[in-house]
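Scrolling down, you'll hit the structures one after another.
In what comes next, chain A is part of two complexes: it sits with chain B in the first one and with chain C in the second one.
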Partner chain A sequence: MQSNRLGWILLAPTLVILFAFGVLPFVYVLWVSFHQWNPFAVDPTMVFNGADNFRKIVFDADFLNSVGVTVMFVFFAVISELIVGYFLAQAFMREFPGKAFFRTIHTLPLIMAPIIVGSVWKLMMTPSIGIIPHYMQQWFGISVNIGTSPFAAFTTIIIMDIWHWTPLVTLTLIAALVSLPADPFEQAQIDGANKRQIFWHITLPMIAPAVVATVFIRLMDALRTVDEVWMLTGGGPGSATRFVGVHIFKEVFPKTNYGYGSTISVVVLYLTIVVCWLLYVTMLAPRNTKKG
Partner chain B sequence: MKKQNPYVGIIFWTLVSFLTLFPVYWLFVISVKPAVQLFSTPGVWLTDPYWGNYAKVWGDRLLRSYMLNSIIISTGNAFLCTILGFFACYALSRFKMAGKESIFFWTITNRMAPPAVFLLPLFLLMTQVYTIGEWRLLDTRIGMILVYCTFNLPFAIWTLRPTVEGIPRELDEAAFVDGASPWQVVTEVVFPLCRPGLAVTLILTWVFAWNEYLLAATLTNFNARTLTTGLSEYVTSTGTEWGIMATISVFTLIPALIVFGLVQKHIVAGLTFGAVKG
Partner chain C sequence: MNFALKLSASVLALTVAASAVFAQDAAWWKKAAEPYQGVTLHGVTESSPPSNYIREVLAPQFEQLTGIRVDVETTSWDQMFDKAIKDMEAGTGIYDMVYIEQDIIYSYLARNFLTDLTGLLADKPELKAATYDEANFTTFANYFKDGKGHLYGVPMEAFIKIYLYRTDLFNDPAIMAAYKAQTGKDLAPAKTHEDYTAIAKFFYEYGKANNLELWGTTVQGHTGHPASWYEYFESVAPTFGVYNWGIDANNNYAATVEHGGTMNSDTAKKALQWWLDLRQYAPPETDQSTWTETGTTFGAGRVAQGLIYGENAGWIAADAEKSLVTGKVGVALPPLSDGVMGAAEAGKGYIGYYDGGAFGLPATSKNKEAAALFLQFIGQNEVQPDWAVAAPRVTNTATYDDPKVVAMDAKLGGYYSMLKNDGRLFAGAPPYPFHAQLREATAPTFFKILTGELSASDGLDQMAAITEATLTELGYRK
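Here is the complex of A and B:
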């Protein structure tokens, strides 16, 4: 082991930047979260109200509803992305002409800005001008209206998220599959294992770390989705797509309820950290520390 | 992997590509339609394209300066995050530091914060605290480069760590025996070996920075505005100019596409997340 001083010197810029732009703002938000504060109200003074905001949040039906909607969204979106991403990654493992070309096309959604993704899907889905409601009506006689149907809006957002982020999952899974050694698979085939057994007993355990790392990144980003949803539905109809990110956004900007918005953010951040920490210590940390 | 009829792959991927490309195609269709046609019956095929929106966007000096800002900010941020992330990963992997697993996990918590309420403290910091005399960090390119580190630096550290861990320590030690300084080991031995991982981190952080909207919309007002914020200027109270918006979107897509195309082959090699090392 080398002297620790170099280690701290190398780490220092990272710590300084994250402290200046991550920790300090967080301390401010934490401080505000114990106050009643609406900077644009008639009386914009900040009033300390102890844990009142935190007490309020426990009984806040809108907030609890948004947590429920978010959990549903993250669950369906991430699971679907994993399944679709795995099949596409497997399909890319075969050799066929034009593979590089198709892979480039498949990464295209990944490079689109969330706000643009939201705009395009809005243009495709808005009743009367959108192409999808038009043909759904004409061909199948199904009326799709994301402005009035909570189910249509929620499903559209999940499909949009799958469209947008499956490429990332595919890329990470291709990387994991490419680096697998061939021996265990050949051995299993000689021993007469069928496809399903090979998947559950060999492929899955070997790509598990990559799967968990991917889920981790996707989970984290899906939990704070705002831009696309804000563009597409604005959280509606009603509260059908009002995810926690959108909920906070609404609390802070149209309502300018800054104190309570900060409280929700602190609670959401805390819950996110707890979920990710559990995932980390059970799935990822053993692998990292084993190496040290 | 086993051999198969190659046409199956082509047909399968053509279908998948159709689904993948449709929204992108639709963006393009919107961008070449005059405003009056937007609200008529939607047609799938492109007839009689209208290039007026492109002329308008390209002729807009303001948007050209937004484009330049976007390029400078996302490139600067991607390089900064990749290099600092690499240093941090090297430190976390090679040194026995107190609480390094906690530091590692703490870095990623910076990416988890719901962004909306953090805009105000960042605004206050950049107007009142991070100032030198008259100069403020708000609405500067360097300011945006630093702010984007809050979500890109943790990502860089998380994607680079397996790569750096994967470089055998024996190489470091061999270089020390040969008389290299610690700095030379970091920059001339380990750094080049991590190239695939670094390439992927660079491109993904670049894309995240290029696409960021909320922070850019709040923390810039003129000098450092980016292309994504240019989009929202066409959502007005009198209605949205969808054609112009779509055209700007196409413009934001092109540089990202070029950058992604250039490093395509490095991506799979670098994104292992330390899946299997051996």
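Here is the complex of A and C:
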């Protein structure tokens, strides 16, 4: 009992902070989402409008487009980061000259703020002064302009995200790979399993919890990507890179559409939870059930 | 001279000024500031040459004079608005001074965000400095007044968006001859849109033929930033005779032709198409250019002409540290359609954008009196000339006649003279309290026009309809 009470006392500051800065704001956003509220409207007060905002969102082409663009971005970015991150992790598991140096270099993008990453890539991608369009033109004869080509803008953002966040995946997977016991691998080799069989039947199942945790983190981060995109394209050209985070920002801040912007935030949070839950159920729950 | 040197020179000049001009008033400032010792004023503004001058020169000078510390936070345009609006909306009172761009003042007044400076100084005459007088300001100050003529912001920068051109190219005999041979006309700053296009096309082809990094014109054509929206609505459409974004505020805020607006009129569509077509003669960075990048492009010597914000004209024309075209810049009025100049002179229209901003005092400030002292300090005639030389902006009538400003005017190709004589032909943003809201509602469609997803005609039809729907939702359109 004494230990239990002490535990709660020690936890109390954290719980208070979480409640004040996590739960209360969420409840407030939820409350606002059921209102029409724009402080620059003729009537600047909050007016309760029931589920109207939620009804409107279903027919909001701009929002649906932003969700579509975001889902595509998340899919390509996270999958790519997982694959590249795994191979890099495997590479870093082996010894080679300059390993420590490369590992440090490889981790550097992680410590850069997203807004800086966006700025640097903007400089690299601006026609006439950017190094990437310059060499793409000089070496391959390809004209790259993220101001006019939706494909170029979208692809650049995916590459930028991969460059920025793959090190996180690599580090997580290195930690998982290092902790694997040697016995199952030795046993599999004795039994004649090839590399592909070892990967699918031993390595992957054993690192699955780490993979899922990494995917969760990257998925949630990618779904709320704003800073880098804001700096690089501003959501353009057109609405080609108007991800849902950018859409919410524009709705809530410049448009000061607090009510509807809150509704979008709540719906996006709900979608994020559903996606993560689906991932959990498909990748980890069967494994846990078998254990039970 | 670069900005740092100008600042140093200004600090020196102001130090001298402080000892000479302000000597007689120093005692008054000290006494007026006595009750506010220990106060630190906080301001937020856009990072621009005029704002940096306040932070680097005027704020320290004021502190030296009064003992009141002033911290001015300079940040990006969107962050500045974000911070100021959040502070004033939530009533936190973090800021004692906020930058008010001309186009946002109506929104701020509608929300009672600002303190009536005229009223405050009338109510507290002990705060009124003898060297400060609202009558000293140019007519630009009228944008910051309410219906009763009370001032809500001390003007700190004012400029017009001008037609800037390269005098070295326009006056080159060989180029002039080639242009004459090609078009049958003399090469001179364009008076009409057709001539402007012809000049843009000529220099684009001239650059290609001579393997030069030279294009025909700037276009502020970012495909994801409101800068492009602004260039069309505030700098291009008016030159064709489409004013106030094509919205008729006196006719139930109509935007569509069907309801009496002009946003999707044939003239508006012609204006937009003209502007879109200019992009073929503009440098590749155009599709990612905001107002900053067009200035940079011009300063890098990459274009022969362009519509450029006056705040950039100074460094482009005179700062050899940043510009490759110093001494090679001329200014002119933008090209116009028939009848537009007449309408502007009659006060029924305008030919371009008159932008700028003021420092306002939030109603939520906890240090209103001390802030009022600082605002008066930066509004005095005495501090203006050095400020105008360091960062091209004129807000007080007397500034135009100062010898330093007259000398600077020559370097700027007559920009200050144009501001003084023709400034009345330009206009700020229309007095809409829904400025940002409407811009953001229509910008996505505008960006689709820029990328070619929509034609100019269909896009403007959609934008006009969206405008009316948005204004209905906000309660302005019945």
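Assume the second predicted complex is superposed on the first by the 270 of 292 C-alpha atoms of A that agree within 3 Å, B and C clash if a C-alpha of one lies under 4 Å from a C-alpha of the other, contacts with A are read in each partner's own complex, and residues count from 1 in each chain.
One rule holds for everything that comes next: contacts are C-beta pairs under 8 Å (C-beta built on N, C-alpha and C of every residue); 3 or more make two chains touch, one makes a residue touch a chain.
The model shown is predicted, which means the values in this text are computed figures rather than measured ones.
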item	value
Partner chain in contact with A:129 - chain B first, chain C second, else both or neither	both
Which of chain B and chain C A:85 touches, first, second, both or neither	neither
Partner chain(s) touched by A:253 [first = chain B, second = chain C, both, neither]	both
Contacts of A:180 with chain B and chain C, given as first, second, both or neither	first
Which of chain B and chain C A:116 touches, first, second, both or neither	first
Which superposed partner A:38 touches (first chain B, second chain C, both, neither)	second
Of chain B and chain C, the chain that contacts the larger number of chain A residues	B
Touched partner set for A:239, first chain B, second chain C, both or neither	second
Doubly contacted residues of chain A, that is, touched by chain B and again by chain C	128-129, 253
Contacting residues of chain A [partner chain C, same complex]	38-44, 62, 122, 126-129, 133, 145-148, 150, 233-242, 250-251, 253-257
Touching residues (chain side chain B, partner chain A) in the complex	1-4, 6, 8-10, 12-13, 16-17, 19-21, 23-24, 26-27, 30, 38-39, 41-42, 44, 84-85, 87-88, 90-97, 101, 103-105, 107-118, 120-122, 124-125, 130, 146-147, 149-150, 153-155, 157-158, 161, 165, 176, 182-183, 186, 207, 210-214, 228, 231-232, 242, 245-246, 249, 252-253, 256-257, 260-261, 264-265, 267-276, 278
In the complex with chain B, residue positions of chain A that touch it	1-2, 4, 6-8, 10-11, 13-15, 17-18, 20-22, 24-26, 28-29, 32, 88, 91, 93-100, 102-117, 119-121, 123-124, 128-131, 134, 163, 167, 171-172, 174-176, 178-181, 206-207, 209-210, 213-214, 217, 220-221, 223-224, 226-227, 244-245, 248-249, 252-253, 258, 261-262, 265, 268-269, 272-273, 276-277, 280, 285, 287-289, 291-292
Touching residues on chain C, where the partner in the complex is chain A	78, 81-82, 85, 89, 107, 110-111, 213, 221-226, 283-288, 302, 433-434, 436-437, 439-441, 444, 447-448, 450-451, 453, 473-476
